[in-house]
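The following blocks contain the structures, represented as structure tokens.
Look at the two complexes coming up: chain A is in both, with chain B in one and chain C in the other.
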Partner chain A sequence: MIKINNLDFAYKNTQVFRRISLEFEKGNIYGLLGENGVGKTTLLKLICGLQKPQHGSVIVDGFTPSMREPEFLQNVYFLPEEVITEDTTPEKFIQKTGVFYPRYDYELFNQLMKELEVDLSKKFNELSHGQKKKALLACAMSLQTDYLFLDEPTNGLDIPSKALFRKVISQYCSDETTVIISTHQVKDVENLIDPIVILDKDDVLLNASFSKITEKIFFEYGPERLDNAYYTEMLPGGYINVMRNVNNEESNVNIEALFNAVMKNKETIKNLMK
Partner chain B sequence: MDFNGHKPIYLQIYDHVCERILSGEFRSGDRVMSVRELGIELGVNPNTIMRSFERLQNKGIIATKRGIGFYVCENAREMILEEQKKEFIENEVPEFLKKMELYGVSFEDLTKLK
Partner chain C sequence: MNNTLDFSRLGKVIKHDGASFAQNLGLALIILWAIPVVMWLFASLTPSHAHMDAFSRIGILNTLGKILLIIAPARLYKYCNDQRKGIGYAMMPASSLEKFISMVFYCVIVAPIIYLAGALAIDSILAVIGGPYQGFAIADYFDKISQLKDMWRDKMMFDDEDYYLLSTTFTPTMIIITKVLSVLMLSSIFMFGNMVFKKRKTGKMIGILILLFILFMIVMVNYAANHENLFERWFGYMNEENAAEIIKHMIHVMINVSLIFSAIVSAVMLWLTYYKIKTQKY
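And then the complex of A and B:
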């Protein structure tokens, strides 16, 4: 479990987090959402020990990530958004990296490279952007860490690869794993991410599972725009209205509409979800 | 499997499994695929699949056996048909009758279609 308590973090003169607290529980694939520059990547770096809080604490299964203890680090992998362009093959890269991770599995790496259709003979700098991303994903997953953090993993993937991505992540997930996917491409990870965490400047606006979200919020698909909706958007064939769930009805979460509803009604929805 | 926007995903997956039972892909007593297997096949969060399976279990369509996992219950087909019939009568029929009235279609017109 990841416990963040009263965390403050700033880069020189830019405050990123002010007294935020949130938790990530095992056995879930979290979707980490937020507008540009709110600190999604910074949060992931704080959780895996690449940054140190200035106040408050980050605790992962009893470890303090910024202490960078080997027993902690061998169970965590962070795949950044920027793609490395080393003059080496993914195979050599993973053999070098794998020694630090006790559950690293070379067979699994090969299998994932095959499933994701990446050319094994090429070096990173000979692969296309999408192929590189897939190769790095295969590397990350073959390490089999309980904590896996992916920053914008679907950027640059072609359409079939996005479906493959969802399959391999679903396969990766177990009762012991915590996967956090930071993304702007919510359509790419729809039906995969649950719970949803929405970050804002200095604040956490939402951290809730789909079942909790639909308990409180109703997504109405209908012919008209409703005045009392938190957010309304025109879709082909009608409107989606994000409403308070007063009649205790079940509905399907539309993540984009949810995000917009939360951004437009920050305090109201924060209180509603308490 | 194509998901539509309106119905919760876990209910769509529930319907999907029911359909596979009705089509004969899974017969009474057969082992159903695991939560994990279906999650991978559909590229969906395993927790969502678990919710669908819990519902299937509560409705008596599937059950668990130790060491085997989920299997299809004896009268699963009948249960599914019964439920779908109920839904048809409660939801689709009123809509259908409304349209008949709107377009001026009589029951006699319908019998001619046969």
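And then the complex of A and C:
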């Protein structure tokens, strides 16, 4: 479990987080959403120990990440947005890296490479950006760490690759694995993530599972725009209205509409979800 | 699990770092090994048929070895503090101490030993072929001080008494300690520079050393200018009877000061390098 308590963090003169508290439960695939520059990557780096909080604490299964203890590091893997790789093949890379991870599975790596349709024999620098990303995803998943942090994993992937990405994440992540996917392309991770965390400048606007969201918020698909909706958007064939679930009705979460609704009604929805 | 030092994990780190050793340092080693070959070719082709004895060649090999010590950290661990490219290094499941030990192992031990072995082997091959290289550097390398003494004696610079003085001052243990500390100091300074600077790491560190040297010289010249009497008094004590003892004492003091200085600088630089590995943010 990841517990963030009263976290303050700033880069020189730019405040990123101010006294935020947040928890990530084990075994879920979290979607970490937010506009550009709100600190999604920074939050992942703080959880991984690549940055250190200026105030407050980040605790992952009892470890303080910034200490970078081997016992902690062997259970986390961070796949950054920018693909940087050595002049080697993914196979050699994973053989060199895998020895540090107790649950590393070479067979799984091969299987994932096949499923993601990446050429095993080619060096990283001979692969396209999307292919590199998929190869690194196969590497990351074959390590079978308890925590997997993916920063904008779908950037640069073509449409079939995005579908493959969703497939392997949902198929190969065990019930014990906690995955946090940071993205601003919410459609790419639809039907994959649950719960959702929405970050804003200095603040966490939402951290809730789909069931909790639909308990409080109703997504109405209808022919007209409703005045009492938090957010309304025109869709082919009608409108989607995001509104308070006053009648305890069931509905399906539309992540993009939810995100826009939260961004337009920050305090209202934050208080509603408490 | 021991989160500070585990020998099995240290072995993995050493293997991990070693996997890219040839790729990162290979070209630099080849260039450094090629320099004596080029010199040999040049000397062979010149009409003067200049000869180079083993002792002079050892000096050249040592200078090239120092260049290797200077460039090795930035070649082997170039990206370890890079905000983007260093993430893999930081997230490698090993302790900061294990990463540090591996870095020291490759920069201070492996790189100089591989260079020296190759350089002496190439020198031997060239000496066998003949031409301008006379004698074997490998034969004299570990007996450098007796070479120095013989050379001085040959040139009638020292009499037997001075030769005795030299022998008792530069003991083999002292030479080994001096050599090890000079390698450690140079390497540790540039390992620290590699962790502190993000770009042009070696150049910046050389610049800082030049600045420090200039500052030191300014201070020393000022001190000497303001304490002329002190030096006059020192030399005033010397006469024919005690000159040898005083010189011997001065050499001892200078060697000890230089050893203590090297040891302190090495220890501080190594500790700072370890601290940077441990606390580096990405």
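Basically, the second predicted complex is superposed on the first by the 273 of 274 C-alpha atoms of A that agree within 3 Å, B and C clash if a C-alpha of one lies under 4 Å from a C-alpha of the other, contacts with A are read in each partner's own complex, and residues count from 1 in each chain.
Convention: contacts are C-beta pairs under 8 Å (C-beta built on N, C-alpha and C of every residue); 3 or more make two chains touch, one makes a residue touch a chain.
For clarity, every value in this text was computed on a predicted model and none was experimentally measured.
**Q** Check chain A with both chain B and chain C modelled on it and let me know: fit or clash.
**A** Aligned on chain A, chain C fits beside chain B.
**Q** Contact-wise, after the overlay, does A:Glu86 reach chain B, chain C, both or neither (first, second, both, neither)?
**A** second
**Q** Contact-wise, after the overlay, does A:Glu71 reach chain B, chain C, both or neither (first, second, both, neither)?
**A** Only chain C is touched by A:Glu71; chain B is not.
**Q** Report for A:Phe100: first if it touches chain B alone, second if chain C alone, otherwise both or neither.
**A** Only chain C; A:Phe100 stays clear of chain B.
**Q** What angle, in steps of 10 degrees, lies at chain A between chain B and chain C when each chain is taken as its C-alpha centre?
**A** For this superposed arrangement the angle is about 150 degrees.
**Q** With the two complexes superposed on chain A, say which partner A:Ser251 touches: chain B (first), chain C (second), both, or neither.
**A** After superposition on chain A, A:Ser251 lies in contact with chain B alone.
**Q** Smallest separation in Å between any Cα of chain B and any Cα of chain C in the superposed model?
**A** 28
**Q** Share the list of chain A residues that count as touching for chain B in one structure and for chain C in the other.
**A** Common interface on chain A, chain B vs chain C: nothing in common.
**Q** State the interface residues of chain C toward chain A in the complex, per the touch definition above.
**A** Its residues touching chain A are 1, 3, 6, 9, 12, 15-16, 19-20, 23, 84-85, 87-88, 90-96, 98, 278-279, 281-282.
**Q** For a test of understanding, state which residues of chain A touch chain B in their complex under the given definition.
**A** Where chain A meets chain B, its residues are 27-29, 163, 165-167, 169-171, 173, 191-194, 209-211, 214, 221, 235, 240, 250-254.
**Q** If we count contacts the way the header does, which residues on chain A are in touch with chain C in the complex?
**A** 45, 48-52, 68-71, 73-74, 76-78, 80, 82, 84, 86-87, 92, 96-97, 99-101
**Q** Within their complex, state which residues of chain B touch chain A.
**A** Interface residues on chain B, with respect to chain A: 3, 5-9, 11, 36, 39-48, 51.
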